[in-house]
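In the part that follows, the structures are each spelled out as structure tokens.
You will see two complexes here that share chain A, one where it goes with chain B and one where it goes with chain C.
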Partner chain A sequence: MNILEIRNLSVKARTILGTASLLSIQVLDLGAGEILGIVGESGSGKSILALTIMGLLPTNVRATSGSVTYRGQDLLRSSARGLSARIRGKEITMIFQDPMAALNPVFTVRQLLEEVIKEHHPDYDSKRVRGAALEMLQLVKLGDPEVTLQKYPHELSGGMRQRVLIAMALSSGAKLLVSDEATRALDVTIQAGILKLLEDLRNKLDLSTVFISSNIALAATVCERIGVLYAGELIESGPAREVIADSRHPYTRSFLASLPVPERKGQPLPIIAGRSPDPLNRPRGCSFAGRCPIVEDRCRAEKPPMLQVSDGHDVLCHKGGTHQ
Partner chain B sequence: MGKFLARRLFTGAFVLFVVVTVAFLLAAVVPSDPAEKWVGPHATSEQKAAARIELGLDKPLVVRYVNYLVNLVKGDMGMSIVSHRPVSVELAEAIPNTLELVIWSVALAFLAGLFLGVYSAYKENTALDHFSRFFSISIISTPSFWLALILQIIFSSTLHWLPLTGQMDTVLKLTHPLTEVTGLPLLDSIITGNWTVAGNLALHMVLPVLTLSSFSLALTARMTRSILLEVLNEDYIRAARAYGLKERVVLWRHAIKNVIGTVVTMLALSAGNALVNTFVVEAVFSWPGVGNLIARSVMNLDYPAIIGVTVFAAIAYVLLNLVADIVIALDPRVRLAQGGN
Partner chain C sequence: MTRDSGTTGALSGDTLLRVEGLKKYFPVRGGFWQRSVKWVRAVDSVTFNINRGEVLGLVGESGCGKTTLAQMIVGIYPPTSGRIELDGIDLGKSLQSRNLKTKRKVQIVFQDPFWSLNPRKMVRDIVGEPLVVHGVALGSTVVRKVGDLLEMVGIDRARLFSYPHEFSGGERQRVAIARALALNPSLLLLDEPTSSIDTLSQAEILNLLIEVRNRFSLSYVLISHDLSVVQYLSDRIAVMYLGKIVEIGDTRRVFRARLHPYTEALMAAVPMIHASGEVSDVKPLEGHVPSAINPPPGCRFEARCYKRQDVCAVEEPPLRAIEDPEHLVACHFTNV
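Here is the complex of A and B:
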């Protein structure tokens, strides 16, 4: 059963220069207990996707059509107040790219954690809240939770901060975690620890995760399924192994080809020529047409259809699946 | 914290010493003869010579300076040339009246400015925001004596809602005598339950307090708005919302706690500004405070009183700066940087 289903979602921003199309996703599903990777370069709409799910879009950005359904409930349709009370923060939660920026610097870990716990368990007395805070720190495997509770965010290391943030995020008993490049600001070893923690939590809490990353290789090791975003469009999605080994969209292939591998040591990295289309002025046809090595005339004229490569593997390309 | 306070107090004392010295030297070089003022325009030259000796003006400058310092430490600021009363007594009468004005106007500036700034930032680019920004800019660029006059014209002369000048109706001093507790008239009248006087004092206070607080209020509103706009864009605000905290808590706890330190610091410094502003405002409203005292003293070159008021203003500034430093030092990040001081 799917915990999150996105259909025909379109997110647009109103700016003084006109309307910018930031995100356009035809179909995206997240199964219960699954880790879904969303990869793409900077500006591809990854964070907009996270904020859309969380209902935290800036005031000039709006989901103009489509649906984001969480357990049968359309998050875009519920009134903001009702949504905030019942789902956001309660069942869906989020962790951020830079834990230092996401932890309020003027509160101690204890104040931060206990506030979220109290919010979601108004019946707890202060002793029980304290106990729950300690439990959360143990859950995210922070050594010496008693000491950590007394600290301010700036007194913790990067990895510890991210663990505290995860503890805060999960204090509500959330079932869906949106992780927006949560390991980007961390050293590789610390990063591995956090990834391990996310997998453990998935098993322990039956947590579903949207794992947003700019690192496709990293996403492939953590996630069952991967969606690739390019210029705000979901251009390919499918089982992680298939998307990596048998990618069908020319962008995915170029993206993978540009990763550094030991065999090509010393040679210059291949780059994708050209640049992403302007969000204010999306091309009529395929967004990738301007940079695509196998472009045809119809790519420039018509929007490509979503083609099924195999069960659960879709690609947004006129020549999808045919150009092996 | 103790070491930090001791260091600050020591620098404060040094600043005071410098202020006293400069004020004394300035008074000495100003071309005016205090002895002449002391005895009045019709005195004979013998009387003037006697006054010169009485005031110690015959002694060399250094001796006078040292004498002044020694007396100052003992709390003796000399005699006012105009009223022939000790400056310390005159100050003791005037300071509570001024303090009460300043306290109320700073309180008003803080509360109203904070609310205006918060809502202005929260409802960015709405009519309220535009109004508040226009209001702030207009107030900041309005001289306070002019504002005082306009308020007097509107609320006293035209509408007759509020008294024009003075601290309270003179008649009440006889019919409802005020018992002194703290020295602050309004506070005393409330403590002793003297409601007639309290009401009268409050009415007289409205216009001077409004005038005096306007600048700090507008400044607070603008500062709060711009800092809060930045804070509201921080990830930790997004996180607080993402974790289901109520909007009220997000705004008034998570956002405000990051704003308040800067605003209070700024306000402590602008309280000094308000204090100096009382000099003008009290003159317009005939308020019997320090401002009135300095106006009278400067007009008559009453140098002991001038130095007395200057010392008072300097002490107030030093204390307010100390408050600002303490507020900054309360930030957990600053505490760490100072190695736990």
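Here is the complex of A and C:
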């Protein structure tokens, strides 16, 4: 059963220079209790996807067509004050790259957590709120929760702050967590701990996560499935290990080939020339055509179809899966 | 001061940089009238050599002192004590004590090319300024030389008169590299050179750095939190923890042997995709880095170490050679 289904989504921005196409996703599903990785370079539309799910798009950016369905309800259709407000921020929550910017520095962890808990559980008395705050800190595996509750955000390390933020995000009883580069500012040793925590929460709470990252190796260690974004389009998606070991889109292949892995030490890394296309002026055909090593005439002329490589592994390419 | 070991680093070859017993303590004032002073031991007795044409990777968690160490070498901070020698010449305590000729030989490339390039200057002036300041070139030769430098780093010389905002992240970092190379240095300090740019631009920058190194037999000190970048570029690697080097040696050897438990933990935490498509699992390291104000008396990694025994809390392990004279480890239990 899918908790989130995205169909034919198109997100556009109105600017003084014209309309920019920011995101275009044909099909993307997230199962209950699944961690889905979304990878891509900066400007590929990762954060726009997160903001679309959260309904936090800036005023000049709008989802112009398609649907984002959460448990059978289209989030794009429901009015902002009605249904969507009851789901977003409550059942769907988000964590960000910089936890310090997301935590109010003048409140203690206790005040921050209790505020969220009271908001979502108006029936709780103060004793129950306290207990719930402590419970949330234990859930995110913060050592010494009693002590941590008394602290201000600046007294915590980056990893601890991110855990507090996760605790706040989950205290509404969230079913879906959107994590936008949540571990980017952390040391690798601490980052690994946050990854383990996300896996743990999935197992314990059946929490589904959209894990957005620019690091494909990172996404592959924690996600069952990953989707690759390029120039706002979901160009390949499938089981993480399969997308990496048997990637079919020329962009995914080039991207993986350019990683400085131990086996490539001493050899020059392959380069893809060019830049990703201008969002104001997307090409008529495939958006990767200008940089693609196996480009054909039809790639420049028409949009590629979504082809199925194997069950659950799709690629947006005219030559999907046929090239070697 | 006692030296931890005879020579830390490469024994053979043509030594370019010698760092000996280098310390940097920052004062933290407090108490009545700010009179009481505690010291943050950011870098505490670090000793190593770098050969000509060699790349030394510095890795460790944030706050381990790797950036402070690099900034002392380039002269941004004067060391509290210890020696830095380049080509056998003592670089002295501060930047002021260095003459133009030695300043020229050590250059730095910063992490974020969005902050390190003056937005109000054209690329011609950004890259050309060191040439003018050092009297290497004047007038029209500046423009010609800057054009040559830009071409060397893969930027069209037609863009001489462009401003930083007209370049992408990767291109800006190329401009920063061109500026660092302008004075023909022998040592380049690379402080997280690829961490604010995308994977595809990163590959181009890494290729460029290798090409430039081979062409001018430059030496690099490479600081990065990204171990895959470090292993790709470095000949040798030094792992730092709380101001100290805990393991140093040939990159492949250190990656394979992982003799220090901290090296082991650090490497186990890095997500990596192998060329075969295999994805390594990650293991977190529990606990936090202790404060550098009052570092523990024994081994600094003791509180987080799984090999910990009683001796670790009282006696600081010296950096000593294990198996290979060039592979040094500071641990009491390297073979347990």
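Details
Everything below uses one rule, namely that the second predicted complex is superposed on the first by the 318 of 324 C-alpha atoms of A that agree within 3 Å, B and C clash if a C-alpha of one lies under 4 Å from a C-alpha of the other, contacts with A are read in each partner's own complex, and residues count from 1 in each chain.
To be clear about the criterion, contacts are C-beta pairs under 8 Å (C-beta built on N, C-alpha and C of every residue); 3 or more make two chains touch, one makes a residue touch a chain.
Quick caveat: nothing in here was measured; it's all calculated off a predicted structure.
Superposition of the two structures on chain A leaves chain B and chain C fitting side by side, clash-free.
When both complexes are overlaid on chain A, the residue A:M168 reaches chain B alone and has no touch with chain C. Of the two partner chains, neither chain B nor chain C is touched by A:E296.
In the superposition on chain A, no contact is made by A:D206 with either chain B or chain C. When the two structures are aligned on the shared chain, A:V106 is found in touch with chain B, with no touch to chain C. In the superposition on chain A, A:Y152 contacts chain B only, with no contact to chain C. With the two structures brought together on chain A, the opening angle seen from the C-alpha centre of chain A toward chain B and chain C is 80°, to the nearest 10. The partner of chain A that touches more of its residues, comparing chain B with chain C, is C.
After overlaying the two complexes on the shared chain, residue contacts for A:K90 are found with chain B alone; chain C is out of touch. In the superposed pair of complexes, A:D278 makes contact with neither chain B nor chain C.
By the touch criterion stated above, A:T189 is placed in contact with chain C alone, chain B being left untouched.
Remark: least CA distance from chain B to chain C after fitting both complexes onto chain A is 7 Å. Residue overlap on chain A between its contacts with chain B in one complex and with chain C in the other: absent. The part of chain A that touches chain C in the complex is made up of residues 41-42, 157, 187-193, 195-196, 214-218, 220-221, 240-241, 244-246, 254-256, 258-265, 268-272, 275.
Within the complex, the chain B residues that touch chain A are 234-236, 238-247, 249, 254, 257-258, 331-333, 336.
Contact residues on chain A toward chain B in their complex (touch as defined above): 54, 56, 84-85, 88-90, 93-94, 96-98, 101-108, 115-116, 119-120, 152, 154-155, 165, 168-169, 171-172.
Interface of chain C with chain A (complex): residues 61-62, 168-169, 198-200, 202-204, 206-207, 210, 225, 227-229, 231-233, 251-252, 255, 265-266, 268-286, 288.
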